[in-house]
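There are structures below to look over.
After this come two complexes, each holding chain A, first together with chain B and then together with chain C.
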Partner chain A sequence: MLGEPWHRIISITSTDPDRSPARHPGGDYALDRGFRGIAWTSAALILALVAYIIVEIGGKALPAIAEYGFGFLTSTTWNVQEGHFGILPEIWGTLYSSLLALILGGVFGITIAIFLTQDFLPSRLAVVFRTIIELLAAIPSVVFGLWGIYVLIPMLRPAANWLHEEFGVVPFFGTSLSGPGLAPAALVLAIMILPTVASISVDALRQIPYKVKEAAYGMGTTRWEAILKVMLPTAGSGILAALVLGFGRALGETMALAMLIGNSNQISLSLFAPANTLAALLASNFPEAGEVEVQALMYAALALLAITLVVNIVGLAAMKFATRKFEAER
Partner chain B sequence: MAMRWLLAAIAAFGCTAVVPLALGQNPVSADPSAKGQVELRGAGATFPAPLYQKWIDVYTQANPNISIKYQGVGSGEGSQLFLEQKVDFGASDAALSDAQIAQAKAGVTLVPTTAGIIVLAYNLPDVKGTLKLSRDVYADIFAGKIRQWDDPRIQALNPDLKLPKQTITLVARKDSSGTTYALTNHLSTISEAWRTQGPGIGKLIEWPGISTVARGNEGVAGRIKHSWGSIGYVEYGFAKRLGLPMVYLQNKAGRYVEPGPQSGQAALAANVNQVPSNLRLFLPDPDGEDSYPIITLTWLLLHNHYVEPQKGMALKGFVDWALTDGQRFSGDMGYIPLPADLAMRARAAVDAVQ
Partner chain C sequence: MNAIAETAAVEAAPTTTFGNTVMDCQVQKIFYGDFLAVRDSHLPIEKNKIIGFIGPSGCGKSTVLRSLNRMNDLIPVFRFEGKVTYHGQDIYDKKVDPVVVRRYIGMVFQQPNPFSMSIYDNVAFGLRLNRFKGNMDERVEKALNGAALWNEVKDKLKNSGLSLSGGQQQRLCIARAIATEPDVLLMDEPCSALDPIATRKVEELMLELKENYTIAIVTHNMQQAMRVADTTAFMGVDISQGSRTGYLVEMGATQRIFEDPQEELTRKYVRGEFS
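And then the complex of A and B:
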């Protein structure tokens, strides 16, 4: 799957050698060679950089891996004094908050993409809207965090506490929202991944040839049938890519979460309980960590990398599946 | 991290509001022994940090040739830095354990500097009036056995209050802390269950309830201020500066005592005769009718020998001043001045430092 773009590049360059006018064959050849060299080097450098980062983190984490082994991932204590480290609550919090964010951000992001591409708005206005949404991506994470603390939490709290009072039996509402907690963190995360999801979905929907839509209308579909049954499935792989990227961003988001999630070392189903994520754990514990704790934190970083990798692989596989199913019929 | 900055800023804002009150009164005896510029560095407990900072400001103003830097990094970290000789003096609310004292290469002198009470501050915006908690109830709250504010056991102690149906969120210390040590030492003394099945005594423990952690006394106080339904433990002054309501706790004699310098003073006065020769006095459950139940002394950690005599002299001068003239700042800032005879013994200990 990863090799596919390479295939395309190579096939373009190798099958169309006569495309460039052969007036200065020597010069063009050098340019071609040079460009290809630069492209290869850049690509190789990126791979080397990723490999270097993984080796560096892995090397620093090695003592911790040797000491705590697999139990690190399943234990729930983080006690520097006694040297017990475990990140199960953080893994849980990372996945739980990101999943909630993905559901919220995904639904809104795709809806916005449909709204912007399917002729609901004059195209100029759509461009303005899209720019505004992409501006969200330019807001620094720490501002989102402060906004969460001073605006979102006080707004959310009465509703959350009402839910807890009335439906406290439901595990999702098992605690009241005291301040920082999972719900405000997930909401802010959803807003933060919204621009990613929306703008990539917009691109995916824009790429559909106009004739597809005309054909759908020509077959007598209503507007909603065309959107839901033709346009969305056709853009399926692009939208999936948007969701995967958004999820990846949510997994790694740090500052806003460190401020909003409540740094609590526990596993709870409740949406309003304080929790913790891997990235927030790293951010808040690194500054004062001693040698032993740094090793444990490196191990946690490695776990976060692994989770991101798994999510991306699963996402790519899903995309491939979607591409085969829907786009082959183009 | 940004959260911490923010909370530190809030706490600092609180401090600056107190400082001008005490600034008027500072004729300090200049120390004749220290010549030339001397820089002293110390680190440790956050619990007495505002008071130490005040002492440092006043003292260095009168002795411009001395500069002192104190960092509130928590008792655990401070003791560690002191034992590694990375700072000239340390500070800890848990003193040092015998094992730690044995590690100190240049020897260690424990100097009690002030005392303070640890209050249980809470945030229940709709609850007006004073909240009272009995010994078994607050032990069970920290043990995670009572998880809702409207628990019948809390309600029974406070028949006049309308307690909300909210989750109790514990706010605890994230860093290794002498405040945590003093609280868990107290809980372990009053509660059989805490002693035998609970998380035990320590500067850093695993809290069983719904808990969230913050760094330093100022961090905990700030977190409580922002979190409804929360309860946490901080030194009295930090809670007072942020205007947090504090629980009236039941003491050993069975009475509910208002937290404050008076009840702390009473606790210290009633038990000061127990001070051992190394000045390491813990009062996990003080006797006395009017005693506030959770109280701790806080110590400066000095090396017995200073390689640079200038540093030793300057530090001795500062600590001696803090134990005499400096004590009058304690009360204003919510701490408890040392009883005169304990201060005398502490000065004698300082005098032996070389």
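And then the complex of A and C:
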């Protein structure tokens, strides 16, 4: 039973130009409008905040941009006394460490997601397992850093040095590991992005309808063929999203890296050489920076922001492409 | 490739009882956990014929059909007692790999379920799975033609299989199933998601396909059974034991089942007196 006869509703709405015709009149309208207002305001506020941050950082970086120009991005020294600033090693270190972390964390995270969703575990155990992995995300960055320094580096050192001695000609093993360096930093980063990659991949795999699995087995696939040839491609865009978010997280990670990467301005392919990242540079140099260095650091912050933005946009585009290509358009 | 070798061995085994029986399904008991879903039913399936399964909802038509290619193995609580021979070989024998069984006995499901890949890759899926070395394009075209879909999709083979309409998706699934030229095709209410025109297309297709394949189809639509099935199996539900257990009431030439059934229950069902 509707509250009022149709002709009365029509007559109400037709005299009230604010209201779209033939809708249920009453308090719902106010509530609906209120919520819509709040939603729009929040969205606008977030946009404004992002714009404000970019403008503010950009403004502070302006003197440095004017002074060093594009050369800032391609030069390799960071010398406060002489006023030489360049961040190529940091850009290299940021991308290299994040890429290594993405490869390790991606492979491991997707494997875990498969393990948790494809009936390898009884479902209750899978939930417990998943919770534990998500708890990894709750460990503070600095704790990872300490663990890296006191546990991981001493553990890695013999293996790293053996690799260097035996296979030193391979560029990846070109130096020995004397302390902090790229390898421990990338390993810790991989662990840190693991929960992101794993839990988003789990969601993507879990969303696949049962009938898809049936179709795969109905074609005579083995379990691994079903997973590799059907389930993973079907979850493709979701897994891609997981990887993009994981990569983004790795790019911006600061504390653990500042503790583990060695803060050294050099470009090396060697996994065991110390390096630096943009975020670590910012964290370790800000506290004691003078005015000129702060301007340079702001420029570096802008570069990091740009890298993150590009990664996210490329990721989004790739996801759109994957979705358009292989999923139903609705 | 050893899958092929295995069938060669299977084919050499002596065929049993009926002259042209490809499969012989002898159910003693089928359980889901403690629940006895189907009991004592013997269903021989003849080569190059279409066998239709009819019966009220819940009588175990899908359960029996899915037992024929071990699809039910996906359900952990499922338990089969009895025998299903395929060219004389019991497919529930311990040494038989269900994966191989499903490659020879294909299946089309009630809901269209194409993979989220291109139309071409959907059809080529089974061929690649079986490491087919010949002319892939040719086989894909042949399968799509076989499923009466070629003309509609020949210009957009790279598009996603999911971009097709429901009826086209179902025919794509049929193309996917017949691309590897399986011996037997199982279809569980393949037309239930389709409109009458697409339904007719699929029915015509089945009649063409039976030249080369053997088809078992579950249907709720008695007209459909009459139109396509050579043999009809009517299953009923036995509630005398306090539980709902399906069983084969009667099976025979379609015309006889519909015009001159031996069992009272069949007579009532085909007249539409209960469902």
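The rule we apply is simple: the second predicted complex is superposed on the first by the 304 of 330 C-alpha atoms of A that agree within 3 Å, B and C clash if a C-alpha of one lies under 4 Å from a C-alpha of the other, contacts with A are read in each partner's own complex, and residues count from 1 in each chain.
Note that a residue touches a chain if its C-beta (ideal position, glycine included) is under 8 Å from a C-beta of that chain, and two chains touch if they have at least 3 such contacts.
These numbers come from a predicted model, not from an experiment.
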Next item on the list: With everything superposed onto chain A, say whether chain B and chain C fit together or clash.
Entry: fit
Check: After superposition on the shared chain, which partner residues are touched by A:219: those of chain B (first), chain C (second), both, or neither?
Finding: second
Margin query: So in the superposed three-chain picture, is A:268 touching just chain B, just chain C, both, or none of them (first/second/both/neither)?
Written below: first
Checklist line | Dominant toucher of chain A (residue count), chain B or chain C | finding: B
Check: Does the superposition put A:234 against chain B (first), chain C (second), both, or neither?
Finding: second
Notebook entry, point to check: Rounded to the nearest angstrom, what is the minimum C-alpha distance from chain B to chain C in the superposition?
Noted result: 49
Check: Can you pull the chain A residues that chain B and chain C both touch?
Finding: none
Note to self: Looking at the complex, which residues from chain A come into contact with chain C?
What the structure shows: 209, 211-222, 225, 229-230, 233-234, 236, 325-329
Item checked: chain A residues touching chain B - in the complex, by the definition given at the top -> 77, 79-81, 142, 145-146, 149, 153, 157, 161, 164-165, 168, 174-180, 255, 258-259, 262-266, 268, 272-274, 283-284, 287-288
Checklist line | Interface residues, chain C side, partner chain A - complex | finding: 69, 71, 74, 99-104, 106-107, 109, 111, 113-118, 125-126, 129-130, 160, 162-163, 173, 176-177
Item checked: Sites on chain B touched by chain A in the complex -> 1-4, 6, 73, 76-77, 123, 164-167, 169, 174-176, 202-206, 210-214, 223, 226-230
